[in-house]
Amino acid sequence: MAGKVILEMRGIVKRFPGVVANDHIDFDLREGEIHALLGENGAGKTTLMNILYGIHQPDEGEILIDGRPVKLRSPRDAIALGIGMVHQHFKLVEKHTVAENVALGYARRVFKPLEDVKGKILEYGERYGLRVDPDAYVWQLSAGEKQRVEIIKALFAGARILILDEPTSVLTPQESEELFHIVKKMREDGKSIIFITHKLREVMEVGDRATVLRKGKKVATLEVSKTNPRELARLMVGREVLFEIERPEKEIGEVVLRVEDLWVLNDKGLPAVRGVSFEIRKGEIFGIAGVAGNGQRELVEALTGLRRVEKGRIILMGRDVTNADPGTLFALGVSHIPEERIKMGIVPNLTVMENMILKMEWRQPFRKGLFLDFDTIQSYSEERVREFDIYTPSVRVPARTLSGGNIQKLILAREISVSPKVIIAAHPTYGLDVAATEYIRNRLAKEAAGGAAIFLISEELDEIFQLSDRFAVMFNGEFMGVVRPGELTREEVGLMMMGKRLEEVRGGA
Amino acid sequence: MNVQILNFIIYQAMKSGTPLLLATLGEIYAERAGILNLGIEGMMAFGAVVGFGVAYTTGNPWLGLLLGALAGALISLIHAFFSISLRVNQVVSGLALVILGLGIHSVMGKPYVGQKLSNTITGIISPSLAQIPVVGSIIVQDPIAFLGLALSVVLWYVLFKTKYGIILRSVGENPAAADALGINVYKVRYLATIFGGLMAGLAGAYLSIIFRPSWTEGITAGMGWIAIALTIFSLWNPIHALWASYFFGAISASQYLLQGKGIPVDILGMMPYIFTLVIVVIASLAQLKKRIGAPEALAVPYVRGQS
Amino acid sequence: MNTTGWITIVVVVAIVFGLIGYFAAPKGETKVITKPPTLKAAFIYVGDIGDYGWTHAHNVGRLWVEQHFSWLNTTYVENVGAEDARQVIENLISQGYTVIFGTSFDHMIPMKEAAENHTDIIFFHCSGYIRRPNMGTYMADFYQLYYLNGLMAGALTKTNKIGYVAAHTIPEVVRHIDAFALGIKEVNPDAKVYVRVIHAWYDPEKAQSAANALLAEGADVLAFTEDSPTVLQTLESKMKETGTQYYGFSHYSPMQDIAPNVTVSGQLVHWEVIYADILSKVYAGLYTNTNLQDVDYWGLLDSGAVELGGKPGVPINPKFVNDLKSVTVTDKLTGEELSVYDLVMRRLDQMKDKQMVFDPFEAYNEPIMGWPKDGSPEDLQEMIPVGHRLTYHERLVIDWWVDNVVSVGE
Amino acid sequence: MPDGTRFARILPYRVRLEPRVEVPRTFEIQVRILAILLSLAIMTIVFLSLHINPISAFKAMFLYAFGKGILSTLSRAMTLVLIAIGLSMAFRSLFWNIGAEGQYLVGAITAFGIGRLFPNLSGYALIPLMLLGGFAAGALYGQLPAILKVKLKVNEVITTLMLNYIAIRLLYYLVYGPWNVKEVVGGVEYTGYAVTNNIPYQAQLSTVGNSTLSYAMMGLVAVFLIAEYLIMERTPLGYDFKVIGDNPEAARYAGMRFLRLTMILMLLSGGLAGLAGAGELMANQHRLRPGFASGFGFTAIIIAWLGGTNPIGILLAGIFIAGIIIGGYNFQISTGLPVGFVGIFQGVLLFSVLFGEFLRRYKVKFERW
């Protein structure tokens, strides 16, 4: 199956102020192969691919396509050479429709540009199951749908080399399977795919070869058929990893948070959460599994006071907190680890220590009289940094200089250190590397053991299975059922994520 | 309402509205691409003096309009370079452009003070048609007024119905998305800013060549600022700009009809601004749900790889 | 190349250009001083000298004296509002200017304060009413010209509606409008005056709107106070568009050539007459820093500081002379029948005469009726009884409208 | 992560901009000097092409403003700096307050109104009352845009701009109407003129010598510069402002009360503009007149931006801009050139300073293609 080498990257070096993101990396891609690019976050995968896509220019090294050296000065050059990329962060114009977003790059005619692309969008939708309404506004789409638009855009470009940056992180297992099918179909068409991921299972399932990066250096390139997950994990992390979460002994106590028949609208004004009821007890981790865009975000926002509750009640420790504002909820002991951690969870230009006291700036002991007490803030922050093992040169550097994992630890440190009664954690390990993921999962388990009630939303079933005491599967704004981990198989949960109710799954089984 | 009064309001709406409309259309395009150019007043003044100078020396008002517009485009290049290439604060750069443009216009205009153009541009001259209600007051307008009308339709079409429009709007909303598809964000922004300058220059030249074909300093008299307000007022839509400019012209003019009826002049003078405020508020109430607002990347310099 | 390199290059370039400039530029080009001046006078303007209105006219006057008096050296500063006038005056004094003219009403308070602080400097303020031992006042007033314009307007109007576009209704403008209205009334008692206020000394767009509004309401003759020829140009283009004959009166600067088909006459100013007089008297030692408390110029036709017409030397546009000759009226003083043209010329001569036999603000055969500025046209009162004439001070604070002024934006 | 960007492919080199991570003090100073030199170089070319001796022109522009005329410069600077302090806070919170002009005006109007209401009050009571009134009026006038922005998402640029025009018309109304001048000079009562009466004598702030530089304004500027620094850098309130400005989503997430905070912000920003209006009235002009505003609100935007968030920066920027205003007059007097040249000079100077800002923020690298 392996054809000739169509792409070669030789000795790529890319330096950013303070770091060497890519340190003499060699990479090659053959015609008609799926090449997994594996590595932890910060290993340099995205940088390498950004260089290939013309977004960054390498400081050293050369790129050869079909054996000829090329200069990729901008994505335009890359596109011209048949390279397409689906970014991890979607590059979509939110206020425009799907068709407009596609037409931006691929309309051939000046007039009636949308006519040009609509038919083909629907066609791709049919062919690959990338179903999306061409006239829908992007801001109305779920993360999953947005990714489909991105893949459609890459297909439009007629790419023969397609870079997929962490593509499965927003898909259901079934959808992921479908994507794998698409990818394999493309491979059969003779296209080459670079599949960036840190999920070993995906590498094993879809990859022909895998290149492992660690800390900006290439560790190895292997034939997937001749390796195993354990080896890949060792190469990636540099040590043996066992995804084992310590689950301390704990007692489940009284009900802390009770939600009754909750109805919440989405941005479009349509019901996104439809009559959800549940309760979480002291010490319990209650998980929500489901595909992005099925009301999880709206549910979290309602619980944290960021979105209006249309109907139903939220009761915290016996007190009705329906439609209380976020400040009040925080004061009552509700901590929130937000889904979009950089967009929402931190203030990038403020320092680490200033971020550490967000929401608490008016509280004692950080405020003395009219003024902030920076001595206390600093010592408090330094303690947190030590305790949560946050990697930062000092607490006085801007938070934006931290890596994703450290930003998440910062948020975690801030939200957990106030001894909350309830922790609302939305996708707490999304996009984090193995070490950080491990740390955060352990930490959440420990907090639950310490008596917090935890509401956990995750699209990673592994996480739900590992952490939660009970979990609900959410589809189209409703709970398909509440179960304990181990009661159902992955596939059964996957069916529920596609809209089958627990009874049907059980009945069918 | 008698015919004379109705004709007057329509006539004046177009007459006062046209320079505002031209400048607003240009600013809409610049802002749609993400460039806030507060320098309209300066660009208009420069366009006005160059336009007048050319029309005066050559005796050809059309050439004056053309070169006036080009002058606006030329001076807008400064703003483009500073805000796009040098990524400086666009508010300050725009204010500096006002100061510079007014300075140049004052120096360059010295030889023309008190001079008038021998040839100017007029509309259809037909006294009998001019008396017809409504139609009459439109028919007598000058060609540039019609150009403004046509341009707002054309620019609306280009902006919302063509590929170029999608590119322009995308660059102003999410330049990274456009860049990722191989659109040259810098080029689009340069062109949009220059187009904004071109239109402001044309608006200025219109003032000194057609609106009032003789030279006095300060001919723009604050119109550039109104154009900035109208840009927001029209929700960055060329068609809205059309009626917004005419509406502003009509309201400004109708205060003189209401004078002498016991309402203080200055309360009447506040009318155009109060109306603008009220309409913007009403529009916001209506648009709140629809997510129509300033382009997301307005006044934000684009740096590849950052966002 | 690093930034230091850049800096070096720019510094070197700057120095090189500086040196070239220093040696290449003609020496002393900016200040040609042929012989030591004995008097240094400075003019502070509120607007740009290119406004072709108020400031332009003052600058014409300044240039005239600068050219004609070899012992005089002048300078000027444009765009000085009240907020910076004090600072500018301090600066001028520090540079040795001993006579300072402030040409805007806005300069009154800063000049008064400066005059009190600098008793050795001579100040002259235009259009104000505050004087000090070292600060006199001067003004060239148009009310006679407006009266004469009014005679023509009353004769020419066909709709009996005459419009006036006013910048502000300050006493000066009220005086002018009233004189205009009195002139109209004398030849055409049925004609009414409509005043629209734009609240700007310079704003072509507003002036145009106001002018067109007056035309829409039926006016066919317009006079105005605004520092641009906009109103006349509006008339000219309206005339082309509609084929109707409109009439207008030029204001301040010669505008007849700008709008030759509608400009009947107008008001012209010659500040040089006043400036020449003041400066020669200062030079001769007649005016000192102690005797100006009562020096107040009030330039009228007899002084030569103002002139009738839309163009120097042309009191009435020849295009309209025949029209004016064809309308006959009765001279209310002599009872004789004559054409409006002759009446205008007669009144002009009477006003130019130092004896001032004729004044518009004098009630000859019947009282002058009017209504207070803050009242309504119904509140008619006798403003000037028969046999009386408004005093100079009453004119300075005039705050009522003549009865044929029927609609005023207030 | 940021990367360099090319913007011209015509040249044999490509230009790459690299953000500076840390900017040493000396470099900042160097850059500013460079900017001024650059503008001089450009103006040298302009002057030479017009056969004007550039050296004497430059002397005229700067020597007076920062030498003999320093008191004038400082006096002009105080009013501008006071406005700029408030604006810099607003800009830091991403509130584009273009309406300082209007807030300044209502401040002056209210101060005048208070003086008119209590003409016989002692200066010790009247002065603070008028200043406070000015502050309160500006603060209140800033509330409408604040509320509209938070509640209805109405763009504040348009609301503040429109409120400027409305304030100007209000001023006209008062000056020509109820507050019109009525004063007796030489036995005659003058009225109808485009001005109001003086504010009471005891409310006129005492100044340094014959200049218009008032002690009170210097004091206010000093106090508010320090206050701004303390508020923004040392209080939870300033912390909240910065969070809103840097990441509004985070502020929402943190449960900040936007309405309240934005109202407080505009209370300060508008209030300071209003205070500046009151101060200008009491220290310099003493009367209201139609042209009272004279564009200070816009000039202050430039100062607020040039000065950044650093109080010393704002002060220096204010003195610099005031210097080129005052120097501009001197330039006219000394060179006899029309005022337009001052505009050109100021425009070139501002663009040069902007260029300096660019150099301060980015390293320029040339690379062969």
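Labels A, B, C and D are assigned to the chains in the order they are written; within every chain, residues are numbered from 1.
Here is the rule we go by: contacts are C-beta pairs under 8 Å (C-beta built on N, C-alpha and C of every residue); 3 or more make two chains touch, one makes a residue touch a chain.
As the structure is a prediction and not an experimental result, all values here were calculated from the model.
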- What's the chain with its C-alpha centre farthest out from chain D? A
- Item | Distance from the mean Cα position of chain D to that of chain B, given in whole angstrom | 27
- Approximately how many whole Å separate the CA-defined centres of chain B and chain C? 33
- Query: Approximately how many whole Å separate the CA-defined centres of chain A and chain B?
  - Reply: 45
- Give, as an integer number of Å, the spacing between the C-alpha centres of chain C and chain A. 74
- Considering chain D alone, which of its residues make contact with at least two other chains? 1-3, 169, 172, 176, 338-340
- Task: Give me the residues of chain B that touch two or more other chains.
- Result: 106, 109-110, 264-266, 269, 304-305
- Query: Do you know which chain C residues sit against two or more other chains?
  - Reply: 48-50, 199
- Item | Each pair of chains that touches, named by its two labels | A-B, A-D, B-C, B-D, C-D
- Task: Sort out for me which residues of chain C touch chain D in the complex.
- Result: 1-3, 6-7, 10-11, 13-14, 17-18, 20-22, 24-31, 42, 48-50, 75-84, 86-88, 90-92, 94-95, 105-106, 108-110, 117-118, 129-131, 168-171, 174, 199, 373, 393, 396-399
- Report the residues of chain D in contact with chain B in the complex, numbered from low to high. 1-3, 5, 7, 17, 96, 148, 152-155, 157-159, 161-163, 165-166, 169-170, 172-173, 176-177, 298, 301-302, 305-306, 338-348, 350-351, 354-355, 357-358, 361-362
- Message: Could you list, by residue number, the parts of chain C that touch chain B in their complex?
- Response: 47-53, 56, 194-197, 199-200, 202-206, 208-210, 212-218, 227-230, 233, 237, 240-244, 253-254, 257-258, 376, 407-410
- Complex contacts: residues of chain B adjacent to chain C: 4-5, 7-8, 11-12, 15-16, 106, 109-110, 113-114, 116, 122-123, 125, 127, 130-131, 140, 207, 211-219, 221, 223, 252-254, 256-257, 259-260, 262, 264-266, 268-269
- Query: Which part of chain A faces chain D closely enough to touch in the complex?
  - Reply: 16-18, 21, 47, 55-57, 71, 73, 304-306, 325-330, 336, 338, 340, 343-350, 354, 358-359, 361-362, 366-367, 370-372, 374
